[in-house]
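Okay, here's the structure, questions in a sec.
Naming follows writing order (A, B, C, D, E and F), and every chain is counted from residue 1.
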Amino acid sequence: MPMDSNAVISEIKKGFILDSIKKGKRIDGRSLTDFREIKITENFIPKACGSAMVELGKTKVVAGIKIEEGTPFPDSPESGVMALNIELLPMAFPTFESGPPSEQAIEYSRVVDRGIRESNVIDTSKLVIEPGEKVWMVYIDIDVLNYDGNIIDACTLAAVSALKNAIVPASKYGGEDFKLPVNALPVSVTMAKIGDELVCDPDLEEEQVSNGRITVTMAEDNHIHAMQKGDVGEFSLDEIRKAIKTSSDIGSKIREKYLR
Amino acid sequence: MEGNIKLINDDGLRLDGRAFNEMRPIKIQTGVIEKADGSAFIEWGANKIIVAVYVREAYPKHTQNMDRAIVKARYNMAGFSVEERKRPGPDRRTMEISKVVSEALSSAIILEKLPRVEIDVFIEVLEADAGTRIASLTASSVAVADAGVPMRDLVVGCTAGKADGRVVLDLSKDEDNYGQADIPMAILPRTGKVVLLQIDGDVSEEEFDQATSMMMNAMKDISKIQRDALMSKYSIEDGE
Amino acid sequence: MPMDSNAVISEIKKGFILDSIKKGKRIDGRSLTDFREIKITENFIPKACGSAMVELGKTKVVAGIKIEEGTPFPDSPESGVMALNIELLPMAFPTFESGPPSEQAIEYSRVVDRGIRESNVIDTSKLVIEPGEKVWMVYIDIDVLNYDGNIIDACTLAAVSALKNAIVPASKYGGEDFKLPVNALPVSVTMAKIGDELVCDPDLEEEQVSNGRITVTMAEDNHIHAMQKGDVGEFSLDEIRKAIKTSSDIGSKIREKYLR
Amino acid sequence: MEGNIKLINDDGLRLDGRAFNEMRPIKIQTGVIEKADGSAFIEWGANKIIVAVYVREAYPKHTQNMDRAIVKARYNMAGFSVEERKRPGPDRRTMEISKVVSEALSSAIILEKLPRVEIDVFIEVLEADAGTRIASLTASSVAVADAGVPMRDLVVGCTAGKADGRVVLDLSKDEDNYGQADIPMAILPRTGKVVLLQIDGDVSEEEFDQATSMMMNAMKDISKIQRDALMSKYSIEDGE
Amino acid sequence: MEGNIKLINDDGLRLDGRAFNEMRPIKIQTGVIEKADGSAFIEWGANKIIVAVYVREAYPKHTQNMDRAIVKARYNMAGFSVEERKRPGPDRRTMEISKVVSEALSSAIILEKLPRVEIDVFIEVLEADAGTRIASLTASSVAVADAGVPMRDLVVGCTAGKADGRVVLDLSKDEDNYGQADIPMAILPRTGKVVLLQIDGDVSEEEFDQATSMMMNAMKDISKIQRDALMSKYSIEDGE
Amino acid sequence: MPMDSNAVISEIKKGFILDSIKKGKRIDGRSLTDFREIKITENFIPKACGSAMVELGKTKVVAGIKIEEGTPFPDSPESGVMALNIELLPMAFPTFESGPPSEQAIEYSRVVDRGIRESNVIDTSKLVIEPGEKVWMVYIDIDVLNYDGNIIDACTLAAVSALKNAIVPASKYGGEDFKLPVNALPVSVTMAKIGDELVCDPDLEEEQVSNGRITVTMAEDNHIHAMQKGDVGEFSLDEIRKAIKTSSDIGSKIREKYLR
């Protein structure tokens, strides 16, 4: 019963997926750059400071934000703190295990974190209460509930959506609540290399037959704020340039449709 | 467990407007986690809990009895589920809850029909608002049934407690924090047998009787919500 | 050689125990409500702030108390701290392992803790040295040295006995030592369901043939301060009411005989 | 990633005197750990990193594919390797590096020639001065070859980034701390295919192109240093 | 290891009234843990230590020699055993003690008579008052014999040290804290061979000789206490 | 392939080593008291506060020192802190594993630590910045890169050499850098008991055929500051006295040649 999320699927199924993609079409009918259906439920967890459930096809994640008072890091006394953590819950897939985060979960967390951090979604310099003493700590926790591929994009969408509706609970500490200022709306676009093609938003089966993954995260400025080549596999520079263009095109559309 | 917050007003109503024996609304939905063998999502007041069940071959350990199924529930809280951000990983409270929930489910599942099988019940509390252990168990029972595991009955649970010295049903967060007792209980409704029961606080014998009769009543309704959620999917075994 | 403390014992022995109990008598001659011989050695560890060794038949536990200055929890600045921890030492039973506490050890700890905490044995509001800054931390550590069943009752007895003789070492911090004020003497009574009967203070073999355990902890007020149904098994409401009565009766006797 | 330190002076030179497209000096030595099957020591600017490779029978795990080798790189930092003493043990950053390095090496090793084999690559950063992941990978590739493991090609890596808004090669520590982007990349030089690539910061498409063409150029030299280090020891497989 | 506390008074007596070569009282009792295969309880001054031994089939590990027994002592301190409450779990000091005690016992047990056997020696320090490692080893040896394990001899130990610059026997807590050296030693009394020896502090060769001759003497008495505790239970093997 | 560092080597090799030593000569040509070639590279890690690489035959270790401001332990407010830790890196030997330190690594660390601490190499009372508040923390970390026997002596040499060239980075905190004062140059001499002989500086094969190890660490005063009998095996008092004399003789020579 247990099946590895990295396992190779049956040769027949694999051939079927590859043949289809060679012809420019995926077995679920999508074009090579189509994302699956995206559904975002903002404020899914009303008691969190901000939250969103994102369904990307059957992939399902919930991001929740907690904002608390804390002390700044000694080397950046005039800066609030942002921490992002993805939990690949054992419920999400047969082979996911309880316990400390796997290398996979950590890689995903760090790629999503970089996309948000480097786009300056949150201006941490505005999250200082008392320089060197007290700052706002923004914890972004993301639960992966069902794993059907492309966790990075689902989590980036969920994190940004949750940040968009987040309230800093200053009244709890004697101040006045205020909306967390959000400066950018980065979108990550992840592509799998299958045969000689790059396909956007791979589902689990596509991930299993792919040779390498590439994620490009861009904000409204169409600059790259995070990029990650992942998994075993190789890309030519041309393929990478194409991936950047695709991210720019598709990412803009997703931003307009789902994040505005 | 004491405080100077007034939990019941002069009209006998609770802070959230409920009567002393009134439940919060409950909704249950099955089949919410596609990869799992069974799953359920429960909303109980502001509690939001998701449960997924995997039925798999048990990995033998020298001390374990392999002629019947092993049930392992793991209760976990999302970082954002509680007032103050929770660090990931189990703590003493969640480990105890995992244990009592596992045992309550084991009392309902026909273990001997599933030799060499492990039933993993993963519980994720997405939003917590008092009474999560019972809401988790109530949903877990539905998720186990949704996975097609043979059960003698669906475990159903409820909580009572004391607020301003008075026995009330289905404690709210404030009542849990500032009340005088917390009594989670779960039964197999067909026989009325108790499979989970804990008390902490200050409860006289009379109060215990009041609390249990209130809960027994309420559990009939909750039981119906469970069965409706499962609809045709679940057929009770002619067991025991 | 290793034998699981939860393992089923031989069918013959099991039948023997069940038959005997059906007739109202246990194989060691006890009635259904009899406890095994109780032996309490107070002040067993003179260097601790309070201590007691309890032998309940062959079950043997040692409770020791350390009281130290510390900072209160932020959410209860005007309250001392009590922490109770049971260690099921690997020496106590062939299958007990070294390492972090098992679910079993944690459940036992929490049931014993609740019985003591909810009976207000210690009035933590009297353990404040400087509100919000400095309070007394009362650590109750209990070592289980030999496991022959009914750890909860042995540990509750040991903890209460140790608290009764505990001294707050204020002189170490410039004050004057004083006796830890003890406001209640809770007694827990644990019963195993064997066949259709409830038997008090089950030994290991009885635990192994039982279908469920129930613990009721009461103080002098004859109120329930902790109750715990444990292990796989089920109880009728009538059985539970009976368990409450038994705890009230037997617990009072134990309190008079061993804790006064 | 921003600061008020001036990283490039009026003559267009960097704080350490390098031109924008100038590498720090690199030295590689093999056979430095006697007990290991292969090893390499790299000095890259002030970075000092030692790598040892053990090739052994894979311990089977039910989820693992045994018809090809498994590569496990473990990147670790000595307590004294960084400005502030590092506590022993992995953290999130080192775990991510271990993963991307493992994957880059896996792309170069002819895994299917070594069924049921585990290739353990232990990386110890003795002194860190920006660019350790790429220096580690570059040395690891040599150490793997030194162990006689069949490879399609030697992985070679390089870093570019942005300092004072300008694309520069092989970031220094200050440029890493106060610059605007960090772009580690590694390729298989025979085909030019990219096996590791990460970006964080702010990089336009044009800047990306500048950075990659600078790095492609530099990697030719680094590749030569690798091959010289291996000398006669390493003979490229007629693979792929 | 230095302080301004005067440890020896003008009459040459120590803070607790002992002469420089005087031991604290020692009592040993066997058969104290019913579930174990062997056990012993030692009171040595204010030290209270309990040891239980389990003899079981060894779980094979690929690196282990299975043709002889493996001895695993685990030294643990109860939370209440020391001045400041100790958190549960091993630390560096307890791990070192576990190792040297295991090795000392291994030197006494006829390991080759017990192939594929693991001898687990669980040591719980209930009350600590200087010299716990030696008291633990002395009791462990009795507990191992109580379990019927074949031994060449009973390991016996003692401690010496320096207080106010003078060699003294069986250090007290204050002497341990404020003295100038600590010398735990253990031997097999039949041959006088040393199986445990550690020093830390400042000890000249002459002082070492004084300390060892004092300890050799004392160990004769301790050895007798061990044998009395075992009484008829223990019969020395005609080994070696 | 994996071979245990404690494993018994082939009986033939073992016999060869034993025979040779019986004749007073070791198979690599050394006399019983000879050390292997010692090579010390001071300042190997320029960015550390002090460092040294030591090669003892093929055994290779690197010690690095970091000195940072910190708070003193509550029970010694007028004393700086020294902490020493040896990592047996998994690269150093086929059976060494990643993860928390083994019992072996901890024993080695503690023996080396005691030799240095008890010789008063560092006078911690001079490392106080503000009594009770701020002191210098001296972290000595030692990486074992290649394991070919006698880690203790290699690490003691590396630690002392690194301390000798260590600079306290006070300028980082607004003061002026100064050389770490070093008061003693302890040398540890480790001997293996092989047959009836004690041999100095055993290599790995000699360790594998030995019956016990003994380490004696002395400083210029020719006093014992640390001694450790290690591994399974036994020594007569005469052998131990001989070990002390050997340490005194050989240690002095090493000190003069390599540490002055």
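As a working rule, a contact is a pair of C-beta atoms (placed from the backbone, for glycine too) under 8 Å apart; a residue touches a chain by one contact, two chains touch by 3 or more.
Being a predicted model, the structure only gives us computed values, none of them experimental.
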item: Fewest touching-chain hops separating subunit B from subunit D; value: 2
item: Common touching chains of subunit C and subunit B; value: none
item: Between subunit B and subunit F, centroid-to-centroid distance (C-alpha), Å; value: 58
item: Computed distance of Cα centres, subunit D from subunit A, in Å; value: 26
item: Centroid spacing, where centroids are CA-atom means, of subunit D and subunit E in whole angstrom; value: 51
item: Cα-centroid distance, subunit A relative to subunit B, in whole angstrom; value: 32
item: Contacts with two or more other chains, residues of subunit A listed in rising order; value: 2
item: Contact graph of the chains (line, ring, star, complete, other); value: ring
item: Sequence of touching chains round the ring, subunit A onward through subunit B; value: A, B, C, E, F, D
item: Contact footprint of subunit B on subunit A as seen in their complex; value: 1-2, 44-48, 51, 58, 60, 62, 64-66, 68, 85, 87, 89-94, 98, 100-101, 139, 141, 143, 145-148
item: Residues of subunit B defined as touching subunit C within the complex; value: 1, 62-65, 92-93, 95-96, 98-100, 103, 106-107, 188, 191-205, 208-209, 212, 216
item: Of subunit A, residues touching subunit D in the complex; value: 2, 4, 7-8, 95, 103-104, 106-107, 109-110, 114, 117-118, 214, 221-237, 240-241, 244-245, 248
item: Of all residues in subunit E, those that touch subunit C in their complex; value: 33-36, 39, 46, 48, 50-52, 54-57, 74, 76, 78-81, 83-85, 88-89, 120, 122, 124, 126-129
